[in-house]
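Across the two complexes that follow, chain A remains constant while its partner is chain B and subsequently chain C.
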Partner chain A sequence: MSPGFQGRRRTTDPALPPGQYLTEDFPVLSAGPTPRVPLDRWEFVLATETGDELRWSWAELMALPQETPTVDIHCVTRWSKFGTSWQGVSLDVLLDGVDTAADYAQAHSYGGYTTNLPLDDLRDGQAWVVHGYDGEPLPAEHGGPARLLVPHLYFWKSAKWVRGLRLTVEDEPGFWETAGYHDYGDPWREQRYQGD
Partner chain B sequence: MTAAATGGRVAAPLGWRVARLVQRRVETPTAQTLVLSVPDWPGHLPGQHVDVRLTAPDGYQAARSYSLAGPVDGDRIELTVQRVPDGEVSPYLTDVWAEGDPVEVRGPVGGWFVWRPAQTAPVLLVAGGSGVVPLMAMVRARRAAGSRTPFRLIYSVRTPADVIYADELRVRARDDLGLDVTYLYTREAPDGWRGEPHRVGLADVNTHGWPAELEPLCYVCGPTGFVETVADLLVGLGHQTRRVRTERFGPTG
Partner chain C sequence: MTEMSYLDGNMLDGPLRELLAVDLSAATGRCASCGMVGPMAGLRVYAHAPGLVGRCPACAEVMLRLVRAPDRAWLDLRGATYLQVPMPTAPSFPRPL
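Coming up: the complex of A and B.
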């Protein structure tokens, strides 16, 4: 116990995972400079474990069915933000018909960032490639032109500046995971660091 | 040094340890350095941070991350905490926490924004406000290791009164061979400072940093807008993005 500590930001909101606090801001966290990716050179590549590749240009991504998920997001640095509104394409659409026996995916970003997730966590309406935030194009510092959105996991799994997914048979740790962060990252189980 | 300290993968859970306040140093009107005693501290690298957790009488807990301010020193660690006026954790640490009282500490955390004394590439450190804390850990580790790696620190503050570690930096800049320290002031400059107060710009980074051809490692830490600006300037000056490492400080209390 910490003598004299009462706590000022108590909340009983059941939508807030343990150890998180609510913010109205949208903090930015990245490990390096913000990449600037011109749309005419942007592409999204889905590579299976056998080396097959599917590619989408920006125009092709825009031509796919669009969704507008409104979700809560939870950053491992302990802020959560409720009711964020995005626009993008469901991973169900991108993965539709893909022949794979992979259990995992590693997301790759412009700028070199990587993060790993189970493939099942990208299916069934749980994940999107989003390019719009709050009705506007997604700003570069928040991951534009497009980022992954996987709101049920800590937000570092929602790779900014995403350029593709590599489907893998083994779980291959990404950038933060190699540096000691959790391979799965469930905010409801406080899976912040390896071993949590 | 443990796997956690070296940024390797750790299978064992990173447990909470009980830490007690040993000493408090006032750095500026809003920042204090807290010296903690943490039994069985596993060691850390400069640039890493810890989580600090407080527990209220009824069991309610709040935790925040703080950068380690100094290199490894046995069971002692130093944190420099900027008091966030409406924050939950920092006002307790700066105003309420008494010597001998326990808090819980977990770490070290982070394996990317670190400097290892074995590295020999020139280093540019760019700090905005309290973003100087993990960079000071690198300056101190360099001295502790007797490293001659060339270091340059560009430190942007609002006013001269906001400089954290002012006395020590004066000594370091005088005595540590190969360490240059440059201050930038955004609101109010000291007497005799050349130029007008301004936000960091291309000329500052170009004049007081390293040429990109020397392939320095650049560490940038501060508020988001500051970090975005400096990282963009460095890339614009030809630095490879992979050699620009950033850490953003937000007012998270």
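Coming up: the complex of A and C.
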């Protein structure tokens, strides 16, 4: 144990993953134009590896049990934000009763964005489809009408403007994962790029 | 039947070095999605993101992704069928085989 290193480490917040800095505002990141999706045409589609589909309209999503997770979020561009408050539906509710042998999911969004995750990372209270932020409807620039929220992974996994999930037997890397970013993206292990 | 022989990929080093050393702002690209041909300088670039995303000004599909890590970079051009790059005039092309 080196007292010098210990002393330096204590100056950083233990809730902050390595290489991250804390921000109070909420930066807007986007890889393309912001899609505008009217609520009467919005839908969320859950497709299994056999081609079975489950669909929810906006009204049907709102009728499901709602949760209000308050979580820390960590962006791969090095900002973190503590205590963000959301409203939405747990993926446990959406996946309940779904018959699947898939180990992976690929989220896809209005506008064409995709990102991949192990299906286990969407279960057990770890992930939501959220439509509210800080007590207000989720603004389009932050992914509204609805986005994925998977706060234990870097925030590029929390797909904005989410339209559905495709459950897959094989892992299918998404928009950033095919362009150098890490397949899993654990901020605590600083998995930013391929091979990290 | 004669099998055509192939060369080791190392032989690409010279030709690619000549190509990639040029000023790419003068290059022309073809969108793999809609087929539009235009200057790469005309792409719409979304830079407030984990990487640079260059989109076709006609159809908004992604033509280019450029990700920079501290020690590496990735260039994804699958959305561009080709890049046409102006080169110094060399009458000896195409070379006789």
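In this section, the second predicted complex is superposed on the first by the 185 of 196 C-alpha atoms of A that agree within 3 Å, B and C clash if a C-alpha of one lies under 4 Å from a C-alpha of the other, contacts with A are read in each partner's own complex, and residues count from 1 in each chain.
Everything below uses one rule, namely that a residue touches a chain if its C-beta (ideal position, glycine included) is under 8 Å from a C-beta of that chain, and two chains touch if they have at least 3 such contacts.
Keep in mind it's a predicted model, so treat the numbers as computed, not measured.
Touching A:P33 in the superposition: chain B (first), chain C (second), both, neither?
Both partners.
Look at the residues of chain A and decide whether chain B or chain C touches more of them.
Counted on chain A, the partner with more touching residues turns out to be B.
Quick one: is A:D25 in contact with chain B, with chain C, with both, or with neither? Answer first, second, both or neither.
The answer is first: A:D25 touches chain B but not chain C.
Who does A:W128 touch here: chain B (first), chain C (second), both, or neither?
neither
Is A:W156 touching the first partner chain B, the second partner chain C, both, or neither of them?
A:W156 sits against chain C, while chain B stays out of touch.
So, does A:F44 touch the first partner chain B, the second partner chain C, both, or neither?
neither
Classify the contacts of A:G180 with the two partner chains as first (chain B alone), second (chain C alone), both, or neither.
Both partners, chain B and chain C.
May I ask you to decide whether A:W79 touches chain B, chain C, both, or neither, giving the answer as first, second, both or neither?
After superposing on A, A:W79 lies in contact with chain B but is clear of chain C.
With the two complexes superposed on chain A, say which partner A:Y193 touches: chain B (first), chain C (second), both, or neither.
both
Residue overlap on chain A between the chain B contact set and the chain C contact set?
27-33, 77, 112, 175-176, 178-180, 193
Which positions of chain A touch chain C when the two form their complex?
Going by the criterion above, the answer is residues 27-33, 76-77, 112, 156, 175-176, 178-181, 192-193.
What residues of chain C sit close enough to touch chain A in their complex?
46, 48-51, 53, 55, 60-62, 65, 67, 69, 72-74, 76
For chain A, which residues are in contact with chain B within the complex?
Going by the criterion above, the answer is residues 1-10, 19, 21, 23, 25, 27-35, 77-79, 111-112, 141, 173, 175-176, 178-180, 193-196.
What residues on chain B touch chain A, complex-wise?
4, 7-14, 54-57, 60-65, 86-88, 92, 96-98, 101-103, 109-113, 224, 228, 231-232, 234-235, 241-242, 244-246, 248, 250, 252-253
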